[in-house]
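Next up: the structures, one after another.
Below are two complexes that have chain A in common, paired first with chain B and then with chain C.
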Partner chain A sequence: MRKNPFDFGLLFLLPGLIGFVIFFIWPFIISLGYSFVESLRFPMDKPIDSVFVGFKNYLDLFKNESYLMSLRNTLIFMGICVPLNIVLSLLAAVMINKVSRYKEIFVLIFLIPLVIPSGSMIFFWKALFATDGYLNYILSLFSISEVNWLESEITRYVIVFIFIWKNLGYNIVLFVAGINNIPKLYYEAATVDGAGAVKSFFDITLSNLIPTFVLVTIMSIINSFKVFKEIYLLTGSYPHESIYMLQHFMNNMFYSLNYPKLTTATSILVLIITILSQALLKYERRKSV
Partner chain B sequence: MKRFLSLMYAVLIAGSIVGCSGETVKPDNSTTPPADVKSAEDLLNNEIEGEITVSCYDTVFYRDFLETAAKSFEQKYLGTTIHVDSVSQMPDVKSNESEGEKRIAIEAEEDAQGESDYISKINTALMSGGGADLFAMDILPFYKYAENGQLEDLQKYMDLDTEFNMDNYRKNIIEALKYNGGQYIFPLDYSFNYYEYDESLFDEAGINKLQASESFSNEQLVEIAAGLFDTDPAGPHEMFGMKGYINTSLGTSMFNELFLENYSGFIDIQNRKASFTDGTFSQLLDIIKDWEDKGYLLPSDSAEVSLDDFTASTDNQYYYKLKDNIELLLRYLRKEGWELSLPTAGITPSTDNNDVIAGMQAVANGSARFSYSQAYGMNANSKNKRLAWEFIKFMASQEIQETLQLYPGSLTGLPINNEARLSKAKDGIIGELFIQSGKSSANKELTEAQQEALDEYVKTVESFSDMLNTYPIMDTTIDSVINSEVKQFFDGKKSSEDTAKAIQSKAELYLNE
Partner chain C sequence: MRAKIFDIVIISILTLLSAIFLFPLLVTVTNSFMPSSEIITNYTSKLSIFDVLNGIAKKFINIKLLPGTLTASQYKEVLIDQPSYLLLMINSLKITVPVVIGNVLVSLLSAYGFTIWRWKYKEAVFLVYIIVMLMPLQAVLVPNYIVADMLGIKDSYLAIILPGIFSPFGTFLLRQTMKAVPCEYFEAAKMDGDNDFKILLNIIIPQMKSGLAALAMLVFIEYWNIVEQVVIFVKDYYKEPLSVFLSRISQDNISIVFAASCVYMFLPFYFLMIGQKNLEKGIELSGIK
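Coming up: the complex of A and B.
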């Protein structure tokens, strides 16, 4: 009897794996290496010009005010956006699920923002939020003084709005799929046992959606980092301090040729995302058992 | 796997300890020259051969000069090749001709995206070990490249190269461009501004005040003329023939002038400090608004000045005119019957009949500011530094500086090479610099009057040049932040305090990154 027969399915994974290693893992390992050295000259093709400094770059980064501001803003933004996006998309998914006809059309409507290129939407956002834009025009009709939507503390919420607008549909699709996977039998049994709609929602829908929640949370966290594209196109490299994100810092470090700071910030970002997703997956596994 | 990770972690920690407590490079106190000086010494003994690339963004001021210089260099040093790489669009050249007069306007538009793309391209090339051998410092933030070790410190070449004699150049200009003690860029020319006043608009007391000093700040000038302006018998004349603000960094406006006058107080790039919220900056904005309201300045609007507007406004009179150093030469030529006018963007043309030199445009703390139109830095990763240095030297030599117009369409740059500057002054007095206008003089012998004018011109230029000691290190990112915020102030969308706060926050963010 043959032991451990070779799984030919692995061969099909190979091309993707090779690409992943070449284009993601290998550059990351190189970039991780850069974060532990200080160079007098870039590129570091001459070892004589770079000095191994251990965690110095990491310690320096945590003393850098701009970096700390970008980290704080990113965490605040995630703290607002991720739960808000999850709650709103869950509500929308539950409502869509209640609709008996044209369910797909509703899902499609929510998905449209996802396929519109950010670049083309920026013109609209600019026209809407500019100091002499449509929103301020509407406010002026009610004798309300104009608001600087893109250059004040309120800007953070403008970006939250844009993020929700763009990403709601994606989460709705995941939640609709998750809800459809819950056997109808559970609800029927609960009704027979006298459970109301609210109790069924909390005890059946929510508890059976835990794997979907984990996936939605991970995707929302990842997507929240991608909001940089919109912010950058709307407000440039140096926006109002409330929306200066980690990606601004990293992008600006590239332009400043500050490779140690860039790679150190990238490594920390990867570490944060890894820890968060691992924690969420662990939580999911525990709940699923 | 866990074991492997633990091992990796342990290795990292161990490495970190070594990194923190490891040996640090101590300065060598022995008599042996430092390694980089030694290598520069060896390098200067190499043959001048091979090829280099010179990269510039600007096509107006740099490319033609570079291509001509490259051709001459290749002829002088056979077997060498100089590639010139430039990216920006050629400017629009408009001209009109009437009654034998020809007017030419060069319109160069700002292209923020193009500039950003160029910087990005250079950065990517540098990070991957490539990049041109020489960079024209037209839009690149040279201090950043210098801080990151991307630019070669040219001081060692200047010190070790026996063919290079610093006494042949304007030392104060070259040294004023040092950054953190290193000579990372080498200028080919320099220019400065000074003020002239319209004698017919001043009384004797005013003229005496204007003749009593060598340099003036804008506020001092306003103070001298304010009383006369209020009781102007000849009708309303603006104090300055410029606008309070123009939405471009290519021209001159009172905001630019006052900002640069106090630049070191607002931005200290070397120490990463921005000081816009101590009240000085908002006061500066309010002063300009006040001067606009009083009619001292032309109103800030975005209307373009056409060639016809230019023609129509040549009879205007202003109390003061900010002039470029080339005007010192034009003053003499006008007396000889030449009709030449080289206006700067943002400054409205006017009659020059009654203009008298007031003095140098002063900068806070008694300094005097200059600018350059061309300067070059050497890529620290260049594979042919010998040739790159030789080409810089060649561009700064008397041979090339006196035969070339530093840049076509404008003649304001004074050569950094002393002999070339003198030679160009002579060409200027006899009119050879203005060949395009059709009034060139083939006769290089100076008449007595021309010799007198040349002596006077050289004396004035050199005495002004002796005062120059400040080059504000500009940064395109900070400039663009300031420009966009200040525009909102002049559009009436923001108060001066809010503008100052917004700039402070962004400039601080940028400088602390």
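Coming up: the complex of A and C.
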């Protein structure tokens, strides 16, 4: 490793890096500036007439109830989705590996929801989950009273279901490959040492899957943000409180042209994600050495 | 014998799960062959005069797996009678194709750059890529908007396409995939006196075909499914891609919504069918270090 960054590597990286800086980093730095000013004349491209207010926007944001609600909901949603997706896809991957003859067809089936555009499914989800929808019809057959699937506390779990439906396949592929990469020798050695199936699952399978876990977590976080598309198409800009997400808040700030609030929220999110990704990569490095 | 029974249990569980996963898709496909009158009876819960006469007080939406009569009339309406539909599909292609081509090229060069770059702080630069990759779309909308405004491309597809080309996910995915190419290949080529560009062309690219195909597919799916950016950057409705239009059609014109959905998901579905192996392999390789 050298101190001087200039070599052929940089040359190859340069076209991408320039675009990345122009379209993401540089405007982000500019927008970071918005989070420290207040102006009566937003919207505008440059906040002329603006007053530097230090961390006031940040302090205000932490008193803003809809922001706090959206942050809390996003964290709760991720806290449910990411681990649930990991556990379910790992279970499915283990099962698929046990019946490896049918591996291809099962993996294909679980991958299909990933490629279906959200717009194509919205009508179906609505027909299923509406108050006069099919699910309530089935409940009514058992004389169970209607459930308000799309506008109550339950909505969160409806979205979790859609998230799992859409994203299970990607993780299954990663786990199936990860499990297949563990040398069979390890298991044989463990059996000789008298370890049972459960013990070798925890000692060998899980501990050898750590790089996969890190990647699966990264992908699940990305995708748990992306499920906003479904939330938005199903429930609009102002959904039930339990699924009012950070993205709703940001969207609504964007439309009301409240850039200081929006960029302040973004900066805080960048901070959270930086800490999170650092922790993930540190964990991976420590475990894989 | 016990192993056999165990297999059967696993296969049954997986088959049941598959059925749940496929159900939404199946309904969409079969119902696209339903006559519009049947759709309207099934998917609206308004009581008709006959229902009232029959003493039915409440009606539910009824999802039927099989149509009573088979007809292609929905498809005729979508594909022939309403040419606007195909025009909007061309809009989708105009956004998606440049992003896919551009992003795959840029990501390949960047990933290779990151692989051979020998600067001390390159992992810190890469961490910035990961952080931006983990951000939800809404957080990068303001940066995107600022740049689009400065470049004067706010009202053109370029405002969506250019950030798409430089979005960091591809670099991340391909760099992971490149780690799977054995080091000996690099060294052997270096010994032969090949320069970095030749190594990329003759050794890396052939080794990474599935990684590249997987990235192309994932980017295609994402931009085929584009919603949020369009709402911000595209103001004329005839310039909208199909994804946005489709969410509107599901309110106004439910009698053709299933065929419209099917036409829309055909391309990504087709790519999955011809590229399942590559997609899986590409995702797999990204998980192996």
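The definition used in the following text is that the second predicted complex is superposed on the first by the 274 of 289 C-alpha atoms of A that agree within 3 Å, B and C clash if a C-alpha of one lies under 4 Å from a C-alpha of the other, contacts with A are read in each partner's own complex, and residues count from 1 in each chain.
Just so it is clear, contacts are C-beta pairs under 8 Å (C-beta built on N, C-alpha and C of every residue); 3 or more make two chains touch, one makes a residue touch a chain.
Because the structure is predicted, anything quoted here is derived from the model rather than measured.
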item: Partner chain in contact with A:Phe254 - chain B first, chain C second, else both or neither; value: both
item: Chain touching more of chain A, residue-wise (chain B, chain C); value: C
item: Contacts of A:Gly119 with chain B and chain C, given as first, second, both or neither; value: second
item: Chain B versus chain C as contact partner of A:Phe36, first or second or both or neither; value: first
item: Touching partner for A:Val53 - first (chain B), second (chain C), both, neither; value: first
item: Which of chain B and chain C A:Ser89 touches, first, second, both or neither; value: neither
item: Which superposed partner A:Tyr244 touches (first chain B, second chain C, both, neither); value: first
item: Intersection of the chain A residues that touch chain B with those that touch chain C; value: 45, 254, 259
item: Contacting residues of chain C [partner chain A, same complex]; value: 6-7, 10-11, 13-14, 17-18, 21-22, 24-25, 27-28, 43, 45, 58-63, 106-107, 109-110, 112-122, 125, 127-147, 149-150, 162-163, 165-166, 168-169, 171, 176, 195-196, 200, 217, 221, 224-225, 227-228, 232, 242-244, 246-247, 250, 254, 257-258, 261-262, 264-265, 268-269, 271-272, 276, 279-280, 283-284, 286-289
item: Chain A residues within the chain C interface of the complex; value: 1-5, 7-17, 19-20, 22-28, 30-31, 45, 92, 95-96, 98-99, 102, 104, 106-128, 130, 132-134, 136-137, 140, 165, 168, 170, 173-174, 176-178, 181, 211-212, 215-216, 218, 221-222, 225-226, 228-229, 232-233, 246-247, 250-251, 254, 259, 262-263, 265-266, 269-270, 273-274, 276-278, 281, 288
item: Residues of chain A defined as touching chain B within the complex; value: 36, 39-43, 45, 49, 51-56, 64-67, 69, 131, 151, 237-238, 240-241, 244, 249, 252-259, 261
item: Contact set on chain B toward chain A in their complex; value: 12, 15-20, 22, 25, 119-120, 123, 126-129, 144-145, 148-150, 380-381, 477, 481, 488, 493, 502, 505-506, 509-510, 512-513
